[in-house]
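Letters A, B, C, D and E mark the chains in the order given here, with residues in each chain numbered from 1 onward.
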Amino acid sequence: MAKHRRDATSAGHRRRIKAHLKSSKAGLAPGSLQYVGATDPLPTLATLIEFGQDDGDFLETKFTALEQGRDFKPTYSNYWLNLHGLEDLAQLKLIGKRFHLHPLVLEDILNTQQRPKVETYPGYLFITARLMFLDEFGSVDSEQISLVVGRNFLLTFQEKPTGTFAGIRESLRNGESQLRKFGTDYLVYALLDKIVDRYFAVLEQIGERVDELEDEIIEQLNPDQMQEVQHLRRSLQALKRGLWPLREVINVLQRDDADFFKDETQLYLRDAYDHTVQLIESVEALREAVSGLQDIYLALQSQTMNTQMRTLTVFTIIFSPLTLIAGIYGMNFEFMPELHWRWGYFAVLALMGVLGCGLGWFFWSRRWIDAV
Amino acid sequence: MAKHRRDATSAGHRRRIKAHLKSSKAGLAPGSLQYVGATDPLPTLATLIEFGQDDGDFLETKFTALEQGRDFKPTYSNYWLNLHGLEDLAQLKLIGKRFHLHPLVLEDILNTQQRPKVETYPGYLFITARLMFLDEFGSVDSEQISLVVGRNFLLTFQEKPTGTFAGIRESLRNGESQLRKFGTDYLVYALLDKIVDRYFAVLEQIGERVDELEDEIIEQLNPDQMQEVQHLRRSLQALKRGLWPLREVINVLQRDDADFFKDETQLYLRDAYDHTVQLIESVEALREAVSGLQDIYLALQSQTMNTQMRTLTVFTIIFSPLTLIAGIYGMNFEFMPELHWRWGYFAVLALMGVLGCGLGWFFWSRRWIDAV
Amino acid sequence: MAKHRRDATSAGHRRRIKAHLKSSKAGLAPGSLQYVGATDPLPTLATLIEFGQDDGDFLETKFTALEQGRDFKPTYSNYWLNLHGLEDLAQLKLIGKRFHLHPLVLEDILNTQQRPKVETYPGYLFITARLMFLDEFGSVDSEQISLVVGRNFLLTFQEKPTGTFAGIRESLRNGESQLRKFGTDYLVYALLDKIVDRYFAVLEQIGERVDELEDEIIEQLNPDQMQEVQHLRRSLQALKRGLWPLREVINVLQRDDADFFKDETQLYLRDAYDHTVQLIESVEALREAVSGLQDIYLALQSQTMNTQMRTLTVFTIIFSPLTLIAGIYGMNFEFMPELHWRWGYFAVLALMGVLGCGLGWFFWSRRWIDAV
Amino acid sequence: MAKHRRDATSAGHRRRIKAHLKSSKAGLAPGSLQYVGATDPLPTLATLIEFGQDDGDFLETKFTALEQGRDFKPTYSNYWLNLHGLEDLAQLKLIGKRFHLHPLVLEDILNTQQRPKVETYPGYLFITARLMFLDEFGSVDSEQISLVVGRNFLLTFQEKPTGTFAGIRESLRNGESQLRKFGTDYLVYALLDKIVDRYFAVLEQIGERVDELEDEIIEQLNPDQMQEVQHLRRSLQALKRGLWPLREVINVLQRDDADFFKDETQLYLRDAYDHTVQLIESVEALREAVSGLQDIYLALQSQTMNTQMRTLTVFTIIFSPLTLIAGIYGMNFEFMPELHWRWGYFAVLALMGVLGCGLGWFFWSRRWIDAV
Amino acid sequence: MAKHRRDATSAGHRRRIKAHLKSSKAGLAPGSLQYVGATDPLPTLATLIEFGQDDGDFLETKFTALEQGRDFKPTYSNYWLNLHGLEDLAQLKLIGKRFHLHPLVLEDILNTQQRPKVETYPGYLFITARLMFLDEFGSVDSEQISLVVGRNFLLTFQEKPTGTFAGIRESLRNGESQLRKFGTDYLVYALLDKIVDRYFAVLEQIGERVDELEDEIIEQLNPDQMQEVQHLRRSLQALKRGLWPLREVINVLQRDDADFFKDETQLYLRDAYDHTVQLIESVEALREAVSGLQDIYLALQSQTMNTQMRTLTVFTIIFSPLTLIAGIYGMNFEFMPELHWRWGYFAVLALMGVLGCGLGWFFWSRRWIDAV
């Protein structure tokens, strides 16, 4: 990961942390709605889908502004109202009034740093979840999805259009699909299942990055890698923070004390619950893998040090005696018989050669010299 | 963080620890009230706010001494008595008598190192919480807030005026505000929500310090940084020690077995509870981030060592043979043919140059020389 | 472990991780069955075993395709239908129809990366477990076994034939065996017991590898060992991920709220439960042993460093003064009386010898020289 | 901490460990009472305090031997019998007979290494707790206090007189005190509260030692400090081992299923319970602080190493080229033009000076030389 | 610990691990009994003790083979049948038949690697526990003790005679002993208490070894010590694996849902339970102590490294300038005025002396030289 990219990642991380911490400051004066998020809110765009069990019972309406008088007399038995963008507070208030939403629900919809949760209100369930994705720097980011689940209606609120639910909308248009037959409670399951699937996708990408990083570490140590290990750890922690409460949400829905879900749908929710458990295990496995990366990094760092130390020691041991010998025969004593021998010089050179090679061979045979 | 500041921080930390440990020594002789705290108590200052649901039903009185005979016949249905400073024990005893407070309650109000808790007494709830702030050295400190919640009254006791609740007092003056409509139980929620918000503010500042420290560590290692890591860890631990029991307090209030809170207020308390859970997650995330800082610190320290070792090894390897060659031709043998060669000296210099540059190039090409 | 083998291991590990992560993507459109696994599905092969309590009441049929009309009117009271290979989706659907299996059950059978679980459906239990084995690279791999347990029938689905259950089939042919007498619920126990036994076998092999690795580490350090430590850790974690839920599965069966198991069989299930607990303890013991390996590795690495540093220090201390002496008598001062002494040279040589040997003896006596 | 003191500490620690382990060997033959403790038992000394609610209703008797016939017909409604020293087994048996104590109770009183616990027997509660103190070497030691709580009597057994309860005895003499009014159950609370207060005192001293040690470590590293870190860890662990069960004891008393405590006293016990929770938090905080000390120690150790390595590297880099230059001009070639230059020598000296200073300045400017 | 002894220890450890893992392979075919253990089974030897409450009501019979027809019509009301050695499968089956033991019970008796557990069967309880001892290499080993507890009888099965229960047998012969009066349920307690006492003995020996090892580490580092630390850790883990479930076993017996124990005996079992809790705390304390040893080891290792590095640095710093000076005056320039000075040589020697001593004093005064 290039330095530039890492810095950007880090900046993104900090922006999110701040948004997360600021998120509940608006908690003071209930009633005064205000958007809280890491970025500015997008313009509001609503889609209303009404459908029944019969083939043609389907009506889709898009609009940007809700008229005051509109009272949602639905054409068909079930309807799903989806909002992209949370800029238009007036419209939100209108919807809140129409569906008798509690002020705290509207507040939580606007406060986009919620922890996933499910809350029972008279006549509806309020669910928040987080849609995970990797931003352009490979960092885990998330968007809030809020769901209001009534007896035969479903309201969803998203920060921005992501295309995640396009397939579901397509399925709804098909009169034969299970979605049409099973009603809004099954639709809730389908949306949650999509959200769970996004975790699989994000986790897979992180898993690949862990593998790549392991290869990079083994090939060539680099202090940036240690930072990326920490970065991956933070990403996995962010996923964990989204997953644990999501599991609880689905668990609560599956038990369904408030009786919003049909028995059949509850079986599907149990399946989604199993998937979150499996995801949690994968997150834990990756967390251990990342810990292992750190251990490998530190062991290799120490290994490098050992190799250098060995090289230094070997060189010092080989050259110290040779230099001493040269120094001895460089002394200026008057009576040094060897100096006058005919082959003295060559003998000393030979001695040095033998000594040097001997020590070299000694260390080589002990495999001390292999990494220079 | 400058040395001076750190020392001061450390001193503040120790002062608090001692206050914390001394805190319950007064536990021996119940009935004999005594102030226990990190600093001396401040002069007592009381504010009585009486209010009803109607617009004009509002009365605010400030006084420093409660007359003996005063019996708080309230003008309006709800009233809130707030005390700043805990110096005036006589006045506290008067209040205790008037509201039938248990001696242990008075003791806990004066013993300002309490753990956040909620206790049910006949006719009232006793709640303590901690108002977090950063002292002038960036160290987490806290002040005790005690609340006595009755059916239509609220008593609050603070160590010193902090201005945290000024906004709430302002809201109360406004006849249209929710606070006026919902009564004292909602007022309790509003105060607790303010206390929770202070955690967000403190945590945000610590989060910023963690980010700065990460930058500092990556830029230039310094043993003080390790101490600051420990310091941040302690700060986060102090927050945790305040938050965990606060969450329990709010959880107990939300379940409200003793029926002091209206259903509507309980919904708001559930919201405050969610905020404490979110805070706890943020504290945990920051704790992991601080652990990560330590890992990065140690890895960089080891990295520095490796770089130095490499430099030393490279220099030793390059200069050892050159010095040996110079030593050899400094020997005084009579028969050393090279010495008499016309270009011997220059040949040797050239040899040395080639050897030195060759080794240098060798290491440079292996990227061993890049950090000198 | 050779480099090549390790790379292959690692590749296998990654393939599995990806399969694991992809596993639940098919979760979106229930009803549209699709095989999900690490490798391609094998051709389907079915075996039907019908048996009663009497000696001759046994019938075994093998077939590759189920005829449409076949309705499994069993000849004897109990029957067991086993399928190898999950390629033939049409056949699976037929079986699903015949036994009224829920679409989610069929989906889970095909999605071979399930976590072990037991689910109660009207009329049958659905159980998944993982059959552990070591692949050719010594890496833990697993195959999914799905069981559908009815009142007097048992369906099993395997990814491929493994021969693990051959002994059980043999026992069934024997009219005297407990399997014949106790019926299908005991048969379920026998299959689960086999699956549990496979964990023992795999764990034993890993235990042996841990012992070997400990010997290797003590004999000669090698950075690959650190990677293998991580590899063993991952293998143990994979076992743990299979074991923990398997224990829960057996625990649920043993309590048997849905009354599928006879009291006698429940005693046997309790025994199998004890075995899983024992296995979990062994996994934990091996995990600690592997952690211990890492500690030993790092301590020995540091030890090696210390030894090298000591050697370097000793050599430097011995040769520095000798070289200095030689340098001193190599100076060219005009008036250096020693140079003119008759035995000066030999005296200096002797001095050097005494000094060198003295220092050598000094270090040897302090046991600084023992590892060169 | 001086070496001598540390050795003594360590010896004391081992003596205690052995006593702790031996403690329950006497468990074999119930009925045969035997003192088990770290030191020899002291002579037994009994004090009987009888008191009523009226001012003069107070009688204190001291004696060393209980007459056989004495049957404790109390003068006043409540009485408290306290025993110091557990040498006189005969007397203990007499008391056991008089108050119908179970043999296991007597055994536990004599076995002074009990874990704090509360046990319900017919007609009385049996409570053990540990009175913490620091021995002369700063090591945590503890004495066992056993309490037998009946309807209107209290028996206490201590290993030796410690003066901890002198204040309580004094209060009892005062007819106006709460102790006289509230009876023996409140007296039990008062004793437990004293025991809890001792933990605060011990913890404060350990906290101070931690602070001092942090200062010492930062000032000058010393391997003894690492041992003291371990020593502090052991002390905190010993406190924890006393505190956790003590909290449980007080919790059980506070719930008071056996109805030995008045409602009012239960409020006070709840207060004592809060104090133990606060103590546990302080112990945990100190444990983290001690862990932090170890981290700082290791980081500073590594820092020292880095500094030395840097110094060594700088010296080697500066002197290697200078020595080489000197070696080159010490060669004996016939044709070395520089040797004959008039200012050659001075030029070389100047070159060396420039080179040396240049390198020195280079490192100084990079802040590599600051710690020599 | 000598190398040889350690190797033997390690070998013993591995033998046990394998036995442990193999232990439940026999689980497949229930009914076919087979001995599973680390070593071969010993010849079977039975002792039957019959006793009543009256003084002379005692009968002890030893035999090696049970006659077919023998039906254990006991002479006295209670009897205890003890078996040493598990070689004689036929005899075991006879006993199984006589006492209506479930095949799984016989299997568990023979499978000597069981986890401690208690299982309720109609008419009897089946208990397994582990008798701990240190083998000749100081390694923790254990033997399985199986108990079958009926209304007035007790069967015990041991791998080999250990003499642990000799005292109990002696007590039984004494008509006055509690064992005779309280019957077989108290006998069960007495046996379990003996087993618990063995843990104390083993733990004490390990505690002493930890103390010795700490002394050895502080005196002289040795890489074998790190291995022994791991060895101690494994021993403590083995103890833990025996203790945790034993505590559960005693807890279950103490609650005694199946009503096999008299109220009085339950009090004694509660006492034994307290002992296991105390043991568990001691094991945890020793585990922390062993962790501390490892920390001390690593800190001292690093300390040694630091000392060597300091020595090396000091020597290099002292000798580099001296050698450079000698090199300078060994240069062969024609014009080097110092060379011709009368006292040049001695001046240079003096300069070297002053410089060397000065640097030496400098480092000595900074306490850099103290550990060579």
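As a convention for this text, contacts are C-beta pairs under 8 Å (C-beta built on N, C-alpha and C of every residue); 3 or more make two chains touch, one makes a residue touch a chain.
Since the structure is predicted, the reported quantities are computational estimates derived from the model, not experimental observations.
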| item | value |
| --- | --- |
| Smallest count of steps, each to a touching chain, taking chain C to chain D | 2 |
| Gap in Å, rounded to a whole number, between the CA centres of chain E and chain D | 27 |
| Whole-Å gap between the CA centroids of chain A and chain D | 44 |
| Multi-partner residues of chain D (each touching 2 or more other chains) | 302, 305, 309, 312, 316, 323, 327, 330-332, 336 |
| Chain-level touch network, classified as line, ring, star, complete or other | ring |
| Successive chains around the closed ring, taking chain D as origin and chain E next | D, E, C, A, B |
| Residue ranges of chain A touching chain C (in the complex, touch as defined) | 167, 171, 178, 190, 193-194, 196-197, 200-201, 203-204, 207, 211, 214, 218, 267-268, 270-272, 274-275, 277-278, 281-282, 285, 288-289, 292, 295-296, 299-300, 302-303, 305-306, 309-310, 312-313, 316-317, 320-321, 323-324, 327-328, 330-336 |
| Chain C residues within the chain A interface of the complex | 10, 14, 17-18, 20-25, 27-31, 102, 104, 107-108, 113-115, 117, 119, 223, 226-227, 229-230, 233-234, 237, 241, 294, 297-298, 301-302, 304-305, 308-309, 311-312, 315-316, 318-319, 322-323, 326-327, 329-332, 336, 338-345, 348-349, 352 |
